[in-house]
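Two complexes follow with chain A in common, the first pairing it with chain B and the second with chain C.
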Partner chain A sequence: MKSFWPRAYLAFVFLILYAPIFYLMFYSFNSGGTMSSFDGFTLDWYKELFSDTRLLIIVLNTIVIALLSAAISTIIGVIGALAIIYARKRIYQNTLLSLNNVLIVSPDVIIGASFLILFTIVGIKLGFTSVLLAHIAFSVPIVVIMVLPKLQEMSSSLIDAARDLGASRFDVLTKVILPYITPGIFAGFFMALTYSLDDFAVTFFVTGNGFTTLSVEIYSLARRGISLNINALSTLLFLFTIFLVIGYYFIQQRNEKPAAGVRK
Partner chain B sequence: MKKLMQALVAVFLISFLLLYVVDRLNASSGQTEGSTLTVYNWGDYIDAELIDRFEKETGVKVIYETFDSNEAMMTKIEQGGTTYDVAVPSEYTIEKMRDQDLLYPINHSKVPNLKYIDDRFMDLSFDRGNKYSIPYFWGTVGILYNTDEVNGEITAWNDLWKPEFRNKILMIDGAREVMGMGLNSLGYSLNDTNEAHLQEAKAKLDELTPNIKAIVGDEIRMLMGNDEASIGLVWSGTASELMGTKDNLEYVVPEEGSNLWFDNMVIPKTAKNIEAAHAFINFMLDPEVAAQNTEYVGYSTPNKKALEFMPKEMVEDKRFYPPAHMTERLEVYENLGPEMLARYNELFLKFKMHRK
Partner chain C sequence: MDANKRTFYSIPYMLWIGLFVVAPILLVVYYSFFDLNGNFTFANYQNFFTPVYLMMTLSSFWYAFLITFFCLVIAYPAAYFITQSKFKQILLLLIILPSWVNLLLKAYAFLGIFSTYGAANSFLKTIGIGSKQILFTDFSFVFVSVYIFIPFMVLPIFNALDKLNPALVYASRDLGASSWMTFLKVIFPLTSSGVKAGVQAVFIPALSLFMITRLIAGNRVITLGTAIEQHFLVTQDWGMGATIAVFLILIMVIIMIVTGTRKKGVL
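Right after this comes the complex of A and B.
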């Protein structure tokens, strides 16, 4: 009886979080055509979805942008985090960190508008490149934030020991530091991935010339009402995400078992 | 380190694989060689089959992009960095774009199909002589009501003031639409600038407040669809969509007069392929093409000849194709200038704050 209320509370919270998604998924099988009443089971929306090449291209573009921007911003972000942590002066370090944090908290609309102005002044045509650059830019601070704690908790004696045993600076980086912060790097990568996948505000400003991402496209459907094949698409994306999470979990499990004793 | 490198390589490989797939899909949906045409239109506002057909007939590849509001579209064009060849703004935006020198004039000799457009919809106040714009779709503002809950017919704006409609009316959140309704119900023009008339209209609207359930935006479509209210002030496009799914709804263009709106095709200054833009506009005006497009979109076409290719019940529907004597009473919103517009907005705001 003691554990009933906490569990009930937990179940309630998860219900609230997941109910809208399941509601949306449920109606993707509706033959009625609207979300107001369920008329019967059909897979027509899924068929329609796969015959709509324009929408498929947009989905793939969204995924490509997310993967590339996450990967590139992870590289830049890790280098940035290293630079911050090994900055000589304390005040210098804090300034860099604050500047990084400002970018995270500043509103997307402002970031998006400033990118639009920048790209038009520099003369970059709006499209794939502009979206990719913008996504990399807003993902870098997130990666930095995810990697920094790992660097901070790493004892400096590890580096001293490595240097003592004759490791070059490059060896220290690739054989000591990077392996130690790998979990942070992966966390940063996945955070950047999700930020890029669902970003609307920044993307909205920098898309153009036929290139759009899913969030912008769905938004522009609003005037004429959103068709149920968007529900079907959301269902597939949701299942895809679940699949990714489960996959990541198993990879994590496999890696952790043999390494557990060695690492600690 | 090895694990990181592997992951990085995997991510890049997957990305380039996907890019390749996108490229193949792009290639299969149209010719990659030759010229391209970028069309900027409202979401879901064209039959996609017609784009394929245009590509096959002309060999021009169409890049199709969508927007959700006139303001968003205009900003993108104003800002540059884009190469939209054809855009589809509403009439008041056309005036603004023309004044800011964002439009190329349309060469009528390259658009022979222009002759099929009904004279009623040519040479209107927002673009005299159709120098910059060609009508794409048109519609009205009117009353959508639920026949199960409303006894008898509604035919006029003044019917809404009946006490039996207490708390039953949904209004669209637009100053021109609501003030226009007030002015029309008194028999004035919806472009009226006479201060006394405006005050009179506002006072009349204040009397309507007990009947108003809410003043809403796009959600009016959903609310009416779910029977949340029995009467709504809507655009005809919204009405025809809803009536397609629900039998118990009826749409009426009020007899005192109402607004006539247009979405027109224009060639913005960002255009790179002006030749193909003219070809596309001409293609969309082809009667058969316009008929197919109209059946898909469900709005009213200005193409007179296209009506012959459309199902009879659609063409003879007086609610969406009102006869000439009715369209005479419909007016296009004129650009009243920023000061007058501010006055309209102010009165509308005061009306919204008026206590029941």
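Right after this comes the complex of A and C.
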């Protein structure tokens, strides 16, 4: 497509998509306190950010929740994918898959509100535990969805061959199946990680007064109005996001290779 | 023995389904039958059918429709031009990248851009329209929502367009169809699955997002999501909140059936 208009249109869409993000980042260097007039260059907001111990603890909370929930949900998700693929009856398989997808398509408010009811009834105190459980819960189906295609494309003759050659069920799982689906597992872990880091709505419902994650903190700061701390924070988060995206594409590349190898 | 072993390993997953998929839905339905004092009642459902809640549902639908419509109008040509490009993978990545930036930060950026002395108003001044109140209006709510949802609309449409066999387009052109006719009769019908998936990925969240209405629209726009959040976290009337949630779930199921059961695009 060599003509001018498609390019102009795409350029316009990209401008709209990126302008607000760069606008935010630009004003993080503003020595005046507003997001409208640029007075001069300063790094004060970053200094303030790094000396704010409360915020650093919140960042640490967020990372701990993300890593823990991603790890646990990856384990449960892999088990779930295996359960779905080895379900005997077609109806049973479809039922499991539909139940699995409920949390993916549900709006965040519903997930948040229903988990709030659940935790209150069971008697789990709102705070670290409830947020962790909620994050594990909504990450599991994502892991399943990422792992399932890998299991589906795996030829059943691989398992038959392993069984013929005398491998036990456990050996088949650890030496044949798991190595084969490793790229899917990594992709699932990674998606779970980003979902957890990014989540606001569900966390907002199930976090009590004492415990906060970064998204919830940004929300309460933003409701108070503009403070250029948030701009500095968003600049750092954006750089971190780019770093994650590169990581994700690296994993995807590795995903491609084994598949191509098997096709030979 | 064999069957036992198989079901044994899947216990954690089954527990997850029971505790976090089935139980929460049942609990929401259960709670919708109780009033503030914990008495069994149908009053919440009666309340929902009063003009106040019906108007709110209707306006929530109207906003979600507007948001989905503008997303589609902007995203379809964008997805089409990207598939035509030599650098389509990179361009697609660039479309997706903003969706990885925390949603609240994007909303926050518009607090600055749409503010009284912000970039949008200085632009309006330079082209001679003069400064306007943009923040806390319906316009700002729809604009920011469209901005946030565009990547979710582009992705499924791109996937559908990318799978389209170009020979079909050439055939249609060879047989004398104009490019507009080709689009209308060949390209669009064959990519409708992508459009449906995109509509699903935008419409349902647009009904339920409460943080954008709170931050950008002040309290001018109340969506179903805002109402649920309000009832659960502010007025503590869980029964009414659960009732609205039941209706939101019903609406969601209907939309899923209408647009076909497709998964939301995970990246």
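One rule holds for everything that comes next: the second predicted complex is superposed on the first by the 220 of 264 C-alpha atoms of A that agree within 3 Å, B and C clash if a C-alpha of one lies under 4 Å from a C-alpha of the other, contacts with A are read in each partner's own complex, and residues count from 1 in each chain.
The definition used in the following text is that a residue touches a chain if its C-beta (ideal position, glycine included) is under 8 Å from a C-beta of that chain, and two chains touch if they have at least 3 such contacts.
Quantities reported herein were computed from a predicted structural model and do not represent experimental measurements.
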{"item": "Clash-or-fit label for the pair chain B, chain C on chain A", "value": "clash"}
{"item": "Partner chain in contact with A:S51 - chain B first, chain C second, else both or neither", "value": "neither"}
{"item": "Which superposed partner A:N94 touches (first chain B, second chain C, both, neither)", "value": "neither"}
{"item": "Touching partner for A:S31 - first (chain B), second (chain C), both, neither", "value": "neither"}
{"item": "Which of chain B and chain C A:S168 touches, first, second, both or neither", "value": "neither"}
{"item": "Touched partner set for A:G210, first chain B, second chain C, both or neither", "value": "first"}
{"item": "First, second, both or neither for A:Y219, with chain B first and chain C second", "value": "both"}
{"item": "Chain A residues touched by each partner, larger count belonging to chain B or chain C", "value": "C"}
{"item": "Contacts of A:L178 with chain B and chain C, given as first, second, both or neither", "value": "first"}
{"item": "Contacts of A:V64 with chain B and chain C, given as first, second, both or neither", "value": "first"}
{"item": "Partner chain(s) touched by A:K125 [first = chain B, second = chain C, both, neither]", "value": "first"}
{"item": "Against chain B, colliding segment of chain C, chosen among 111-119, 147-155, 165-173 or 183-191", "value": "111-119"}
{"item": "On chain A, positions contacted by chain B and by chain C", "value": "34, 36, 75, 116-117, 204, 219, 222-223, 225"}
{"item": "Touching residues on chain A, where the partner in the complex is chain B", "value": "33-34, 36, 52-54, 56-57, 60-61, 63-64, 67-68, 70-71, 75, 116-117, 119-120, 124-126, 130, 174-175, 178-179, 182, 185-186, 189, 204, 207-212, 217, 219-225, 227, 255"}
{"item": "Residue ranges of chain C in contact with chain A within the complex", "value": "5-6, 9-10, 12-14, 16-17, 19-25, 27-28, 31, 74, 77-78, 81-82, 84-85, 91, 93-95, 97-98, 100-113, 115, 117-119, 122, 147, 150-151, 200, 204-205, 207-211, 214-215, 224-225, 228-229, 232-233, 238, 241-242, 245, 248-249, 252, 256, 261, 263-264, 266-267"}
{"item": "Partner chain A, residues of chain B touching it in the complex", "value": "1, 3-4, 7-8, 11-12, 14-15, 18-19, 21-22, 25-26, 28-29, 38, 42-45, 48, 63-69, 72, 76, 79-84, 218, 221, 225-226, 237, 241, 245"}
{"item": "Residue ranges of chain A in contact with chain C within the complex", "value": "1, 6-7, 9-10, 13-14, 16-18, 20-21, 23-24, 27, 34-37, 75-77, 79-80, 82-83, 86, 96, 98-118, 121, 137, 140, 142, 145-146, 169, 191, 194, 198, 200-201, 204-205, 214-215, 218-219, 222-223, 225-226, 230, 234, 237-238, 241-242, 244-245, 248-249"}
